[in-house]
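Just passing along the structure, written as structure tokens.
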Amino acid sequence: MPSQQYVEGMQEMRSHFGSAADQWIKAIHDIYPEFAKINVEFPFGELYRRDIVDDKTRELCTVAALTVQGFALPELKVHVKGALNTGSRREEILEIITQMIAYCGFPGATNALLAAKEVFDEIDNASDVAPKS
Amino acid sequence: MPSQQYVEGMQEMRSHFGSAADQWIKAIHDIYPEFAKINVEFPFGELYRRDIVDDKTRELCTVAALTVQGFALPELKVHVKGALNTGSRREEILEIITQMIAYCGFPGATNALLAAKEVFDEIDNASDVAPKS
Amino acid sequence: MPSQQYVEGMQEMRSHFGSAADQWIKAIHDIYPEFAKINVEFPFGELYRRDIVDDKTRELCTVAALTVQGFALPELKVHVKGALNTGSRREEILEIITQMIAYCGFPGATNALLAAKEVFDEIDNASDVAPKS
Amino acid sequence: MPSQQYVEGMQEMRSHFGSAADQWIKAIHDIYPEFAKINVEFPFGELYRRDIVDDKTRELCTVAALTVQGFALPELKVHVKGALNTGSRREEILEIITQMIAYCGFPGATNALLAAKEVFDEIDNASDVAPKS
Amino acid sequence: MPSQQYVEGMQEMRSHFGSAADQWIKAIHDIYPEFAKINVEFPFGELYRRDIVDDKTRELCTVAALTVQGFALPELKVHVKGALNTGSRREEILEIITQMIAYCGFPGATNALLAAKEVFDEIDNASDVAPKS
Amino acid sequence: MPSQQYVEGMQEMRSHFGSAADQWIKAIHDIYPEFAKINVEFPFGELYRRDIVDDKTRELCTVAALTVQGFALPELKVHVKGALNTGSRREEILEIITQMIAYCGFPGATNALLAAKEVFDEIDNASDVAPKS
């Protein structure tokens, strides 16, 4: 039975990523449940739930961090969605990625820009096929 | 003669770091003037001057980025000061560094925490010796 | 004609990776023979052949190292096979990858977990289609 | 209207990468024009145009840098073309990548070697289908 | 009041690092208690306490990971002590660091070797001044 | 008894770094002889001795690589000397470090610039106290 921290962590995670949160954690849980448990309980059941910094700022900071790391494009795409869902406009996300040129150079920032574009396109394509009533 | 972009960049840089901006750039200029020129004109004369994202958020994103990079502690200390000067409380800076545990692990985040502490101590020690009128 | 160190290195390499060793080195040799020569002679003809640390521990250490590097997923997959072939159970490999969350954060560790899963699936799929006599 | 630095930067960029320069910058411009502006003006409109180091050496240094970074394979492929276009033979590029084994280990260098091979194959395949008059 | 996970985590941590565990955590706690809480509860109160992999192997894997990261020398020194305290001989630690040349090149491995030497010297110097009864 | 490759490697290494080569290798040898053996035999006894790329270009590529790595400042200082000893002017070294801003951002490039300055100062200070006959 999941801990209270896990339950609250999944709620927090859904408020950032929507139903993608459940898919992400299920995929990890199927490989190694201990990894999934930590992934939910620690960052989302504890860290992100503290209100010292608002979620919009937190997600932009994570976008910045994953941009300079360079290799974390799948996770960056998840957090670009998280940034949009916590109140950032697309232009703000692109501006923070552009700011990172100064801290990681063009290759890392370029790859992040292209990853953000993929997320925006997925959203636009999904809404294209949605019924427009 | 410095370009207008350079002059505006130095002004922007001083609004983040105070007189430390001039010291930093002078040290670099004494080694290689071209490096100093780019350092002022590009991030501060152009990037940071755009008002798409506020300076407080920008500085916290840079703190996040330098934390995960791990090796950039001198620059991180400069931007911890920049975060304080653009409106972040100490607790907000420490919270963002703590958030980075999830993206770079404990070693990088620990080193950043200790670097932030050094900045806070320098500020406290400087104000200790300042006249308290 | 290959050196004795090269011949012994290929033997060592095959004991870790099976026939994948020959395929890997052939692909590199076709591009630049000098690279392949060093790749066989130095880590496998010399380093891995010393019995100061057993091969199982060595391979788990390499899995740990490639997990935190983040960008080395093709090489990580090779060494997940190496870990299995030198006596690690799947759960041990997943546990070491999970341990790395503490040293490289979730993005690097998540990508490594997914890469390990791909290796396990390839093995399971290969044995599915194998004749079961 | 583009600045003079932008115009000169695009000329410099084309002398390294041919028509791929325009495609690369157009793709970035379509996502975020400010990123494209900086990408052209700063490294190519200013840095690469200084004749303190020749373009051949500059491109080989960039190949070295992107090899050790590990995650920047799309950009590495662009600069492998840049190295060829500024006078390096294939063997020189492969030798510098091999040299990087000593500074980033085998995984980063192997991935760079495979990326260079992809560029060489693209060139060879393009000339195969070209009319041979 | 500390959680049970925290209490068990401190016990686990002491079994790896001796009294250095308390000093390390106290220093972090004085800066930001939330960071210290996570540092004890997650890796030591949960992860390291699982017996899927023995502590000796875990510590050598962490030594490998911190070697390739390159910037984490203070943490590496802590885990070199952890490796000694969980049953590794000095030669085994040096051999794993040497193995990492193949995965991170000479600079990272050299810095790790020098850091391990500092730990060994501290131990030797401490025992020199200890009473030899 | 050292191999022929080792003897030739030390000669090559001295041609890059002068007597610093012997000091560097002795320090490593005193910690772990196997590490020193590989350090001499592989990069210097084999790699750097091939004449496909000249030593000046090789050293500038290594300066570029160590700049973007960020954490390898002791090794960078050694190779700044290596670059000077193989024919680069100070300005060329500073220009390549400045070029790296585009590939690793300002923090890594700034730290490299300051490290190069330290090497130049050491050389200038050494020649100040040398007899000027």
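In this document, chain identifiers A, B, C, D, E and F correspond to the written order of the chains, with residue numbering beginning at 1 in each.
To be clear about the criterion, a contact is a pair of C-beta atoms (placed from the backbone, for glycine too) under 8 Å apart; a residue touches a chain by one contact, two chains touch by 3 or more.
Computed from a predicted structure; not experimentally measured.
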Using the contact definition stated above, find the chains touching both subunit B and subunit E.
A, C, D, F
Residue-number overlap at the subunit B/subunit F interface, same or different (half cut):
different
From subunit A, the most remote chain by mean C-alpha position
F
Inter-chain centre distance, subunit C versus subunit F - centres from mean C-alpha coordinates, in Å
31
Taking each chain's mean CA coordinate, subunit D and subunit F are separated, in whole Å, by 25
Measuring centre to centre with CA averages, how many angstrom lie between subunit A and subunit F?
41
Quick check: what residues of subunit C touch more than one other chain, meaning two or more?
34, 38, 42-43, 47, 50, 66, 68-72, 95, 98, 100-104, 106-107
Looking at which chains touch which, would you call it a line, ring, star, complete or other?
complete
Which residues of subunit B touch subunit E in their complex?
69-71, 94-95, 97-98, 101, 106-111, 113-114, 116-117
Given the complex, residues on subunit F that touch subunit A span 68, 100-107
Along subunit E, where are the residues that touch subunit A in the complex?
34, 38, 42, 46-47, 50
Per the touch rule, the subunit A residues reaching subunit B in their complex are 42-43, 47-48, 50, 52-53, 57-58, 60-69, 72, 91-92, 95-96, 98-104
Subunit E-facing residues of subunit F, complex:
27-28, 31-32, 34-35, 38-39, 43, 66, 69-72, 74-75
